[in-house]
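When the chains are written out, they are named A, B, C, D, E, F, G and H in that same order, and each has its own residue count from 1.
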């Protein structure tokens, strides 16, 4: 249901062609297709400008495949995150052209019209403190690609060896948005926040052990970062950071 | 120390006029003026484009006044946050033209050249769930003003009465950045995140009692918000949210 | 041991037919049949009006089967919750007419006299925020059925897309009791609490990751819900919510 | 704005007398009166059937008085909870007929038409484990009175002396709703839950010390109560328990 | 090394027969036999009056068998707790007369001289709230047997059905020490503490789910029990409770 | 109401002199005198053998004085713990012979018949790790005195200087019960538990700072003490430790 | 009691001049002077090589003065930490030559023989992230001075402006031990740990707000620092860090 | 890149042979070899004096092998910690001379020039409280060996049997650095801290159950140790303790 159809409906109410009750009923029933276990939202782009994302964890293989199928049938692109091996395998069987990334645990079915960003598009730089943080960083990278954004990455630049991140300072400073992915104490967010003037989105990861408490240390560290204006997502939430970057870039382009 | 002076210094090294050791010494010594208890950073604008902010909590009245004085002497604007009544009083005595906001606990000494934003400037909308969240919201508002941003606010639109926020949907949707300030369960962030396509910065507050645990409930709620792409700051950190919004708006204006 | 038998015993004491000591002994020994590892409580209905429920987690397959057998022999209906696959398999073998629900992890052996509720019975509406919350919601649904209550469900109506729950507002408002099942930030409870005037029972689920901390975020969110009069159960406790709804409905029907 | 006015507005849209845009504007602007710092909601009774409640903590004396004044001017009853001594003093000055309860920290301005409940009305029994839990219990009692409910109380019946609560078993069993207020380990909720078949609402209090952790021990204890169907509110939330009981009683009376 | 040998050594120092240095060396080296990974303490009975206990968790099968062997060779009885199936299997192979209890996860090699307690010995009553608490209760029971104490048990007497524990009040009151084993909210400890005048040792268990947080709810509940003089052990520590009861009984018998 | 009166009542039921209903009424009404805010329990000694204890925190001065007065009128001894200066002052005014201990925050009104223990009575040794732990230790000492127990104390014997506690080893080993009071890491409990064979009751205190987290570190340390058979009370609960010691000593004396 | 006296005592035992029992008594009684509330340890230097330190928090003014007096009488130097204003005032009255530091909350009474360190002594560098961390840093500095160590400090070098700490890199690298004092996220420890090869002792402070949780964020951050070999003290424990540095320096000097 | 090469580069800048831009580029690009997923740091010894350590957890077998290979090719020694069985197996296949320690989970590839320490080298003593703490202790031992340090160990000397650690007092006092590895309540750190004047590094382990909370109890205990100057590492961080000891020993040897 696109914006035109919606305007027509409202005009119908104004003109008396459609009774109020009927209009309300249509509005309520139309946009969300009910599969019983999930409610697909075909006109979400009216609100958010983004294709549908399936959070696959806790869903059965069959549910994931069926939701993807219905979304694609409705003309929407599909990005599945937190997929299991079995879910990705089933998606590949059903859609041989799906683009899977095992490290990121993503599967992406682009819409036909999907166009890669130009080299002039504003850049999102995804910075990972250590090798073990890469799965979360990759989830952010894959999401940004699916959202049509230009993205680059930087890995293994933890602050114990400051020269590593300082050697990349110009890349950090040239990005439109920086996503910092770090576990352990998460100090990289503070350092990058001091180097860059652009928006910095910090993603704590569950990398670490003992008093890392599954990412709590990094989360608290990033929330208390001494560099001002750093914002934080949930632990291991590479997707969320990408979605936040996408909101920012949409604003830079003058629309949503 | 401005950019020109810095380039001159580097050229001096290249030309042999300034020995390497001397150059290093100057670079290290120059930008930060050491008051013994604080290190003022006059060339920070080279890095971040923002005037100096004094976090007043835990500092004595004398320290706050002295830092403000030296910064102003260096031509910088000053914004003091988390000030006590005594600190604000002392600042008013020293600088009669300081603009204080008791609810926000801020004191602001603008630079002479400070210009208010035009009506075409992108808007930051600060949304507060309840009356008790206003001090944090005001800190964000005052900071954005000091940073030269256009800002508006919306108060008492908690989700228990959904019609309140729905009645303001168009204002929410027209903002360039939305800052959501909420205590208790922090659900307003999820709802606003679903209404707006723009960047949404969520600020948990310590408003609430019992199992609110000083803002922990709102913090966890916002980190787990079901609307995608919402980012979070520390509890009660209205300043941090404003600084993050400022980073985003700087990018929209094509510079950092 | 029914109420009549109990009155007879007390009269016996009054009449001197039963010595005090003997009466005490009987009262203590009678109602609870001791299996060594469990104490079955055949006259519980004297106190609570509900058939016996077996919490199967942490019990062996044999214990579950034996308890069910003895309860049925005593004429009681049996509802087993949190069953493992093996436990359900064994129950089906022993009682081919048992009604199992794998998603809800329940197994139900109705009493012969069990009657389905009429269409005029007050309705319990079970609302699940997301697809992943369905197992907990189903546990509530199955329990309510076993308790003879009329129940309906609503799925995938999380607050990130407010129109979903708003489209169902009339159903929400027509229920006698609403059970809200949600993980992540649990904001749906606040929103439903604002829409409905009926009792709202919130069930936090362990759905989510990172700072969801196994349901803690949703639990705290619901305890701090800004809509007044919302009550909360333990994390993932669909059974408990159903039992609470059953207590409420019993009161509406004028008895316990 | 009552229901009739609302229906008229909708008919006006249908008849073309009121343009859609105008209707939307009125709906948004009408019900909530904006005081700048608070948004009063005069047609809330359309949704919830309850007078307005002011949560006074974190509000200034002036804000509380002004909100009460505007609500009363709009014909609404007012109940202020968590009031400070100063707030209650100011309310008494402004409204000599206000009924204050210092222990409960409440102040109540009934509507003229307020009628006390009859002796046949269903009873809410508020049970407090210890003397120190009384302030929270009293908040529940005062709220129920303001809501027109019949209420009784029972104090100092902690489980360390079981005979105390057993001696009152018949009162417990005769209530339509039982509110259990307890700090420390909160075990009274489990015991009362086993005695009563009616809805049991448990309110943990911050009474206790050391590992009571401000009510956390009682909260966790009540959430894990071994008696089934017990529901829990936030720590010290006597008001919330009363509001929940009110929702239940409204259902018993056949309306919401 | 028994007390006589120790006195002889000290006398040797006094008499000059043994140089001070030598005496110190012997004292240090003698009592503890060093296996490299464990230090066996053959004269512990000099200090504590109890046979050696092996905490098997985190030890290899070989380590457990070897320690048991050396202890038995030294004439000591052995009790292994928290054994795995493999550890118990290996112990049975090495010592066919070992007494294993799979539910309690214990294995016991009595000394030859072990004598069962008489019927006049003071009784330890182990009370378990639910069927799922039995493994911890059994660990206590087995430990008490190995320590030569008279022990009885009571199961499935949770407070949701108060008549169950009240029916056993006389048994509870006749015990010299009561050990209460309970998970979930742990309220049974408070109730038993009110019924019994004897020492009550409360053992929280990890039984429960959600906000039970692995036994934290029961632990906090028991630490805050409103019945006075209740003491608490670590979560699931049936052995510790038995050892505490043993300390108490040793005192009653007039020696350690 | 003494045991004789209770037997008479039961015999009356048996003989028909007292109807069952009347007997129930008397039993329920008799023992607990209801002051409205507190329920005094004059026949508690039937159950526990201890005079009444008033936990004064959270009670008003008037409540404490009135409860003490009624208890004394009923012939009971009174021990008030956690008293404020004002409460102790008021008690001294009302009862000039009350024995107050400001460090322990206790006030004690002995019964006339109170007799000091003989030198042969079993000894409770209260061991405090540091000077700052003394208030909690004193609360235990005062309680034991009020309970008629023989008590001694040992102060400033923290494990950082092991020779201090080792120098007192014989006193530690000669006690019938040892109460260990320690804050910070609470290691003294483990060391004393290894030295003594008698029951060891560990009381964590809130002494310490930073990561002591109000006694949590000591509490966890004591619960995990590597010496077996150590039991723990709530943080700062000197009274509870004394009550537990009293339960143990009562058993040693062959009665409760 | 010095080493010579101790050897004489042991020789006395060997020679028969001192009976064993007498020797034990003397050893136990001698070194620790018992003030009733504290046990002074005059031969501690035998074990640790450091003068006595009084932790003043939780002690009365009188206790602090009396302990200081007795220690000084015994020829020991005294350092009081965490003193209140009143305690420092009383110490100054009693000992006009005491050296107090209000920011550090210390008071120091040197022994007569106290000698300042030479310029060749190894240096401890105390680095404070922000101005608000200075009190903790000063406590470390004062302690090191009292211990006769050479100490220097560096303030306001938080990582948000990396150039600040980089400008001081040579000072950081030339220290024998570095103490890093930081609140908020504590990232400075990781950065300094990467710059310096010397021992780095990290002291988390309670500076910060919201999710800093009283220093927990900094503590966890430092424990998880990605630079290897960083060790951590309790929150705000400047004294402890100084004591640890002192242990290290004693080793460098070839003795304790 | 050694120090000489670096000096040459800087001289080149001074002499004009190398343009500033070029110098910066080389400095940034040179030291860290980028494998895509990891950034190898061949000139780290310029900063820290230690060979490269691979933290293997969370890395694939292939990544570990490849990193080890490149490091060895660059002439560096390699120590892999937290290796899985598969990772160690693959390393043995690739480098038959690798020295693996399954208990410690380490694999070590020494440089050719590696020399064992002499008997005069200062000693690190690793003390483990219990048998279950050995894996963490062994990680420390293996790391110290790889770092060329002299190391010894002491096992099973928990404080419940004080004579065990007292019997080893002279060994404890003769070490240059003591590492204390303990789980449960971690009290051994306090005791050893009192016995030794040398630096004491405490490593909490996750050994224990229930309220040990995965090492939290030991961690808090050690942070609050009453013996002064004890420093702490992350839970189970044997490597970190060894690295800290190595920093200390490097200082003792007069270099960093």
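Everything that follows uses one rule, which is that a contact is a pair of C-beta atoms (placed from the backbone, for glycine too) under 8 Å apart; a residue touches a chain by one contact, two chains touch by 3 or more.
Computed from a predicted structure; not experimentally measured.
Student: Suppose you list every residue number at the chain C-chain E interface; are over half of them used by both chains (same) or under half (different)?
Tutor: different
Student: Out of E-F, B-C or C-E, which pair touches the same way G-H does, with over half the contact pairs the same?
Tutor: Copy of the G-H interface among the listed pairs: E-F.
Student: On a C-alpha centroid basis, what's the spacing between chain B and chain G, in Å?
Tutor: The answer is 38 Å.
Student: Averaging only over C-alpha atoms, locate the centres of chain A and chain B and give their separation in whole Å.
Tutor: About 26 Å, centre to centre.
Student: Could you grab the centroid distance between chain C and chain G? Build each centroid from C-alpha atoms only and quote it in angstrom.
Tutor: 59
Student: Mind checking the centre-to-centre distance between chain F and chain H? Centres are C-alpha means, answer in whole Å.
Tutor: The separation of the two C-alpha centroids amounts to 50 Å.
Student: For chain G, give me the residues that contact two or more of the other chains.
Tutor: Correct list: 47, 161, 166, 194-195, 210-212, 216, 219, 223-224, 228, 234-235.
Student: Quick one: which bits of chain H touch chain A in the complex? Just the residue numbers, please.
Tutor: Per the stated touch rule, the residues are 27-29, 31-32, 34, 36-39, 41, 44, 47, 55, 57-59, 63, 82, 204, 206, 214-216, 219, 234-237.
Student: Which of the residues in chain H end up touching chain G in this complex?
Tutor: Going through chain H, the ones touching chain G are 47-50, 53, 122, 176-177, 194-195, 197-201, 219, 223-224, 228-235, 239-248, 250-252, 256.
Student: Quick check on the complex: what are the chain B residues that touch chain D?
Tutor: Answer in residue numbers: 131-132, 134, 155-157, 161, 163-164, 166-168, 207, 209-212.
Student: Quick check: in the complex, which residue numbers of chain B touch chain C?
Tutor: Where chain B meets chain C, its residues are 129-130, 158-162, 166, 184-187, 190-191, 193-195, 208, 210-213, 216-218, 220-228.
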